[in-house]
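To start, the structure under review is shown below, and the notes come after it.
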Amino acid sequence: MTDFIPTIGLEVHAQLLTKTKLFCGCPTTFGKPPNDNTCPVCLGLPGALPVLNRQAVEFAIKAGLATHGRIAHKSVFARKNYFYPDLPKGYQISQYELPLILGGHVDIVTSKGHKKIGLERIHMEEDAGKSLHEHPETRATNATWVDLNRACVPLIEIVSKPDMESTEEAVIYLKTLRAILVYLEINDGNLEEGSLRCDANISVRPIHQKELGTRAELKNINSFKNIEKALTYEINRQITRIREGQKVIQETRLWNSEKNITESMRGKEEAHDYRYFPDPDLLPLIVDDEWINKIRGCLPELPAVKQTRFMNQYKLPEYDASLLIQSQSLADFFEACVRLYNEPKKISNWIMTELLRELKNRDIEIHQSKIDTKLFTKLLQIINQGTISTNAGKEVFSKMMESGEDPEKIVQDLGLAQVSDTDSLELLINEVLKNHPDEFERLKKGDGKLMGFFVGQIMKASKGKANPKLLNELIAKKLK
Amino acid sequence: MKLSPEEVQKIAHLARLELKEGEVEVFSSQLSSILTYIEKLNQLNTEGIEPTAHAMEVPTPFRKDEVKQEISKESSLINAPHREGDYFKVPKVIG
Amino acid sequence: MSLHAQTIHELHKKLKKKEITATEITEDVFKRIESVEDKLHSYVHLCRDHALEAAKAADKIIQTKKDFSPLTGIPMGLKDIFLTKGRPTTCASRILEGYIPPYSATSASKLFEHNIVLTGKLNMDEFAMGSSTETSVYGPTRNPWNLDYIPGGSSGGSATAVAAGECIAALGTDTGGSIRQPASHCGIVGLKPTYGRVSRYGVIAFASSLDQVGPIAKDVTDCALILQAIAGWDPKDSTSLNLPVPDYNKALNPTIKGLKIGIPEEYFVEGMDPEVTHAVKTAIETYKKLGAHCEPVSLPHTEYAVATYYIIAPAEASSNLSRYDGVRYGYRNQQSKDLIETYKKTRTEGFGNEVKRRIMLGTYVLSAGYYDAYYLKAQKVRTLIRKDFEKAFKTFDVLITPCSPTPAFKIGEKTSDPLQMYLSDIFTINVNLAGLPGMVLPCGLSSKGLPIGLQIIGPHFGEEKILQAGFAFEQATDWHTKRPPL
């Protein structure tokens, strides 16, 4: 399929981690009983009026600064009018002609290198409530049940330019953007629960054509895995259509995660005329430079900057650094470990292989695990000293994840201490050499492959506890 | 500006209103005469004039990010035409 | 004079002197309601028992406190557009039948804090859309000066009740003249404050950038007293202004020597009732005699007011009324098979024709392709209208105009031609578009015995100026003392 280029733009909606909703004082707490977090404003009762949450504006500005966008001194809230049961006022308060942030970009690193993904804009808007088409308890499907807890929760909508040209770029863009939002502590990055949502616009064109192809909009992609599958599927679907001489229709499609296909929403959705106009209940949002600079001064070290610093300060390769900065807490863990035990590459290796795998298997984040920096670095130190072998170390680590116990204690309990005492090793070596005189002769004559054979035999004899490094040294001595 | 019956039906649908047979004609004629009158504004040259969205030029005020419970949950649901448990119940989107 | 025919300030004096009680006033008002309400139909909801309880509580305060608010114990009615917690509020529409709000409007709450006695909710045009109170789902209210005539609208019930003594004073709302025009047609005083002076929180929204809350009372002093109680910043209303509230009492000064009054030329047009022109011109002479300087001024964009208003107001209204969908409150057609049918039948059955007309008009002017030509254009003309006034107020303290081109017309006379009805708002609408304060007080009676009103327009937050100009006129004339021959 390399004779076609895909063009992808992503629209990301991120719920802001404010305590209260965008235009009223209702809490934003997730998982409450239906309609617990409601009031006249977010219920759309007659006579209710919106008042803007300052913290939400600050969070939005943070997002704009972190993505190098231009913060508008004056922006306007507009009404987006349409009817749906979970839209209580019959309109959503959003921003249209004059959004809070224009432009900006997100730097990504893919297998092909660096790329800048441009942003069109970031604007603020309120979330809608939830329409349940199946009752969560009775499982009835003959009606729709409306819960307005989520109505009016603050969102920012981040609209990228159609700068992505592959599924890989799109996924990495999303991961990078997510990391930025989480670092800023304005969003919890939870794609599965819907606090971060992503819609995609995709088109394809023949490789030498300048004009973009007709695009389709993809909705309902709620995990990184699904994004990859959905985008890949859709790109192929469009290419196939064009190859078959058919046109790609401009439409909205939904990802069906059971059938693993995208399906047209045509017929279910009609063209909307949103009749945008400035909301007369709100005055213009004025943001001055003083406020912007104050916020700029409080921004944390962002992922891209941290990654570069890790590469320079700890002499880590780009790949390692990029994995470590995936989450703020992981990066902090790494640095705290280095402060205790100055072996950044070793620590990084262990984190990238063992720690991340264990965290994934247990489906937890670093701060939820039983490992702390002291225990972790202790383990690495005793492996480095040769007290236990690397393999044994892995076993100890696994146990530590479960019990949070001191590694030295685990080594003792499981009897994993490596045999590093030269005398006992000598005895073992001599024993094995005696039992395999022919092979020893061949080794002496230069058959290097037999080294592995002898190491293996001695390891077996020592029940895996021989210190392999020392072993190699001692055997090599015998060859002289 | 004359509005055709089709256009009136389209607008009614956008506004989720249903017009009966005879009504379409009446509304069409009334709306048309109002729109024709409104076109009087085209007599004015408004190039370079800023639109007035609000009578006063002040910025929007802010609210602190503090929880305030305005009404009880019961009050939120009590006027519901059809309530099931703590949900507002409505007919399915497509019947 | 019966208690129900007196003003707030007259009653307050007597309450202070313990000559009367709040309970006595309330009982007299309800006696009056009993005798005339059948003819007038001002109220949509009466709360006699609650009123008597409130009167009792007010009497306690009056007996025990040395100083109490001038509104204490005063029976007042509220237009049924103000949410009253626990009491029905319908906006004279079927779509809100049975609706009991869980909270009260800020302006209403302020009055309750002053211990008024709520008599009930007053009739109005449905969703405040109208100039005659004929679009109410409850049927029209009748003008107390002549029962065959409209009282004006949309605060028709409020004006009638005050003029007829069915409450001492009332609160109304004004989007295009809905306080001033009914006050004019009923021979009483109505004041629309500067936009942002009084909170709109808890007032059912019609056109958000134009709606304002204001008093309807028997004289200027009463209006000042009510305005004092309701004016002020409300953190729940983003469009209310955080400016200090002056002591409006100080404005009640009969000396207006040197006051510069502008008389806009464009407000004396062909087709006006000559009796209206005469009454207003006579009033201007009175002002001259009082020492004011009256000069003509031009507000060149006056003729575009109605067209501008009937784009902006329906546009905002079409959006404000989208929430009436039968999902969370109000009327719902329960026989529909799916959601869209529910929406359509609910809203079609719930809204009257004038509301539907304005919703469709508003939907049209905001729809794709038409926004620039209509809505944006109207907002630009609005700027021109605003600038006309700004220029005028550089020279003048206040402007004086007629309120309505004719006195009240007969019930049913203009209902078949909506555009004709809209054109009768020509003198009041500009004031809302510019966000200015405007007050109407009586200045004559037509040969048919129908009241004629005078409008005083002030600059932004110039309520004191218009109160002063109105007060001075009252001191020199007696129009405000006349009551309908009911």
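Letters A, B and C mark the chains as written, and numbering starts fresh at 1 in each.
Note that contacts are C-beta pairs under 8 Å (C-beta built on N, C-alpha and C of every residue); 3 or more make two chains touch, one makes a residue touch a chain.
As the structure is a prediction and not an experimental result, all values here were calculated from the model.
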item	value
Chain centroid nearest the full-protein CA centroid	B
Pair sharing more residue contacts (C-beta pairs) when A-B is set against B-C	B-C
Computed distance of Cα centres, chain C from chain A, in Å	58
Intercentroid distance (Cα basis), chain B paired with chain A, Å	41
Centre distance in Å when chain B and chain C are each reduced to the mean of their C-alpha atoms	23
Residues of chain B whose C-beta touches two or more other chains	14, 16, 53-54, 56, 58, 60-61, 63, 70-71, 76, 88, 90-94
For chain A, residues contacting two or more additional chains	40, 43, 51-52, 83, 85, 144, 146, 273, 275, 280, 282-283
Residue list for chain C, restricted to those that touch at least two other chains	99, 102-103, 209, 235, 238-239, 318, 322, 325, 327-329, 339, 343, 363, 367
Chain B residues touching chain A - in the complex, by the definition given at the top	14, 16, 53-54, 56, 58-71, 73, 76-77, 84-94
In the complex, chain A residues that touch chain C	40, 43-52, 79, 81, 83, 85, 88-91, 144, 146, 273, 275-277, 280-283
Residues of chain A touching chain B in the complex	18-20, 23-27, 33-36, 38-41, 43, 51-57, 76-77, 83, 85, 132-133, 135, 141-148, 268, 273, 275, 278, 280, 282-286
Interfacial residue positions of chain B with respect to chain C in the complex	3, 8, 11-12, 14-19, 27, 30-31, 33-35, 37-42, 44, 46, 49-56, 58, 60-61, 63, 70-72, 75-76, 78-82, 88, 90-95
Chain B-facing residues of chain C, complex	98-100, 102-103, 194-196, 209, 235, 238-239, 241-242, 301, 303-304, 306-308, 310-311, 318, 322, 325-332, 334, 336-345, 347-348, 351, 356-357, 359-361, 363-364, 367, 374, 376-384, 386, 418-419, 422, 434-436, 460
